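Look at the two complexes coming up: subunit A is in both, with subunit B in one and subunit C in the other.
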Partner chain A sequence: MPMYGDAGLKLVQHAKRTQNLTHLPPYQTELVRSVAKEVRDLHKDATNLLEPFLKVQGSFDPSTDPATACTLLVNHLSMRRNKRCLLAYHRTRTDKLEDLVWSGHDVLDLSAQQTGGESGSSSLSPQEEDYVRQYGDLLAAFKGHWTDIDLTGSLEPPKDLFIDVRVLKDAGEIQTEYGAINLTKNSQFFVRQGDVERLIAQGYLQKLG
Partner chain B sequence: MDIDDILREVDPTFHSIPQEQRDLQDLTRAYVAERCAPELLHYPPGNLIDRVHENIKRQIEMVEEMTGNMNPKTNFALIVIQNELERYRFILRSYLRERIRKIHKHTLHYLSTDELRSRLSEIEVRYATARQSRLHEHYMSSFLAEFPPQLQNLNDTAGNLNMIDSPDLDSAVFVRLLRDTLVESRGVDDDGLIEGKEGQIFILRWADAKPLVERSSAELI
Partner chain C sequence: MSYYDLDAILTGAEKIPCTFQLDVPELGYLDNNPGYTLKSGTKVLLPLWLAEMLAIADMGDHQNPDKSFIAFDLPPAVGKDVMAALKADPRSVPIRNQSPNFYNLAKHMMDLAEERELHAVVRKTFLTRAADISLHARKSGGAVSKGEGSNLGIGAAGEEFLRGLDEWERILFRKAHDGARSTKQWIEGIKKRY
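Let's turn to the complex of A and B:
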């Protein structure tokens, strides 16, 4: 027989584990649903408990009936705890999703790949997919104010203007101020860091040395 | 020899404009302070960031102009300027990102009062508000909408527990005194009062260091 709060605890454990993962594990639809249901049930219980008092006296005085007062308090705290668990779980996931958006990944594509793309299943909930889409737009608008400094660029202090890179995946042709470079797999180039930063972040190129 | 000295020799437009150099200095100081302080600091006054952004834009244009020129002498200058440009861009980017990181962490806190709100730039306020409302919508559609109405808030303070998390103002920072001043600090057992001399370095709670920094009597390091 699962106890009150068990599902909430599981959610928090999921969230804790998610913090250390590089990818986003599947959304726990069932758990979230059962925690939310628990809150609704607790609220119903509380309302039922209070009802006779409100009918007879119009208000509830905790000192006249300590037992009921205690039940109500525990009920209430459980609801609050569940809410915190749900918030923590969702916040951890949105933080992760935002990080992915910042680093320039196509999050929706990525989550579809992870699950093998089977029958359109995704590790994101439909609401999360919405959020990612909206956040992507929001960030793009924000970045638009700072086009010249590439806000999502590398946060490593720049050391050299030019770096050696090796091409890990075919990335096609890119334009630099020294002409076009064709990035074919396994080739190696000496290029301006600013020109290829995006490709390094996306895993097409590897920085050498 | 400083990079500025080299630039001054190769770039004829550089020597007569101390304003840009001051801007760089101000930006660097703001950047270091922002990185060191546990809470969000005021957005620099007087359009500093806009000016810096303008400068970067101009430099980029200049680099593009110079690229066509294959004269080895300008080519060397070009590399120096590009190097400088990359660093300039990095400081600004890193500075803005640090602010975003703090805003992300305590969005509701910084949006909650006018005083705190005034620390953000207009763009930052717009971004933070939009993000917060989207986040709230996301919570609502994911689970919060099923909750009883009195539990749907995100800013409850019931049970002496504020839902809005705020930065820890008592965390420690290092400051260097820029002039002789009295340094007051609160300790666990005892409060301290020291006659500070210019150039001395202290480790203080941010809450104690803040007035010194705001009076420009000290800088964060």
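Let's turn to the complex of A and C:
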């Protein structure tokens, strides 16, 4: 028979697995919903339990009725446990999302690819998509203070100034010091690494050799 | 240990053998009997997050200030048999099979109960095993995936040992392993540059 807190535990086990993955697995909408429902049910139970006491005495004294006190405590602890599981699950995911934003991935695009590109289905919840968008804006605003330093750029000095790249998906025309290049799918270019670093991180280009 | 720490939360799910000290009409479901009164003296397995607070909560009974809702026993993972085995040889016990969060669990039980022996045994266990973990971490090869058969010098017994590490020891192993590897890479990088 399922116990209170079992669904929450499943969420945390999901989160634990997520920590070791490079991508973000689909959001567990059903589990989250059932944990939230559990909390609502528990709250209702607690209110019902307390009602007769509040009506008669105006307050509840645990020492006169230890059995009810025990039930209420179990009830309260179950809610608290569920809350902790929910928060930990979401925090693990937002931590991961922040990392992805900092490493320059196009998170929303990435999550759509994972689910096979079906429109409307994403591995993020709508709230998480919102979070990523706003966090991305924040990061952009922060980086805007130092226009001459790329804060999310690689810390490794490049070995070669110029590299071969292959275009994985159409990225349109970009301007470089040596003129404009039109990046169409499957074409190859010999370009300056600094010009295309962003595009490689975003998955438009692949570095060769 | 943080509120958001997943291992801490998972430790909370470990089951503790408990005995109820009073009749509770509403809690029959804890003993798979919803709708029935949970009788005083009933033995149930409760998750640590529940047992911990029930065991220390004050019942408000002024005649017996020490009495709480439940009495509890040590879970088998940190019970007599395991302790005896650890005393004999800390390295030969795969503590992960007892609990993936063995040390966390032991820590919680020590907080709840006066168990001097548990403390001594767990402490010695960690010290002995940590030395071995660091040894294995330095020996295992450059591959990121640990415990592959091709690793030099670990041998079957070593792999067996590494499989039995609990979460905390695994973190230790990974840190020791990555640390040794990064140092090696750094030194090689310096040699190349000059």
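Please note the rule applied: the second predicted complex is superposed on the first by the 153 of 209 C-alpha atoms of A that agree within 3 Å, B and C clash if a C-alpha of one lies under 4 Å from a C-alpha of the other, contacts with A are read in each partner's own complex, and residues count from 1 in each chain.
Everything that follows uses one rule, which is that a contact is a pair of C-beta atoms (placed from the backbone, for glycine too) under 8 Å apart; a residue touches a chain by one contact, two chains touch by 3 or more.
Being a predicted model, the structure only gives us computed values, none of them experimental.
Once chain A of one complex is fitted onto chain A of the other, the partner contacts of A:158 are limited to subunit B, with no touch recorded for subunit C. Once chain A of one complex is fitted onto chain A of the other, the partner contacts of A:63 are limited to subunit C, with no touch recorded for subunit B. In the overlay built on the shared chain, the residue A:71 is in contact with subunit C alone; subunit B does not reach it.
When subunit B and subunit C are set side by side, the one touching more residues of subunit A is B. Of the two partner chains placed by the overlay, subunit B and subunit C both lie in contact with A:87. In the overlay built on the shared chain, the residue A:128 is in contact with subunit B alone; subunit C does not reach it. The contact surfaces that subunit B and subunit C form on subunit A in the two complexes overlap at residues 87.
Residues of subunit B touching subunit A in their complex: 53, 56-57, 60, 64, 67, 79, 82-83, 86-87, 89-90, 92-94, 96-97, 104, 123, 127, 130-131, 134-135, 138-139, 141-144, 146-148, 151, 154, 158-159.
Residues 32, 35-36, 39-40, 43, 79-80, 83, 86-87, 90, 94-95, 98, 125, 127-128, 130-131, 134-135, 138, 142, 145-146, 148-151, 153, 155, 157-158, 161, 177, 192-194 of subunit A are the ones touching subunit B in the complex.
Across the interface of their complex, subunit A is touched by residues 3-7, 9-10, 12-13, 22-27, 29-30, 32, 34, 47, 49-50, 53-54, 57, 59-62, 69 of subunit C.
Considering their complex, residues 1, 3, 5, 9, 12-13, 15-16, 19, 49, 61-63, 66-71, 73-74, 77-78, 81, 84-85, 87-88, 91-92 of subunit A touch subunit C.
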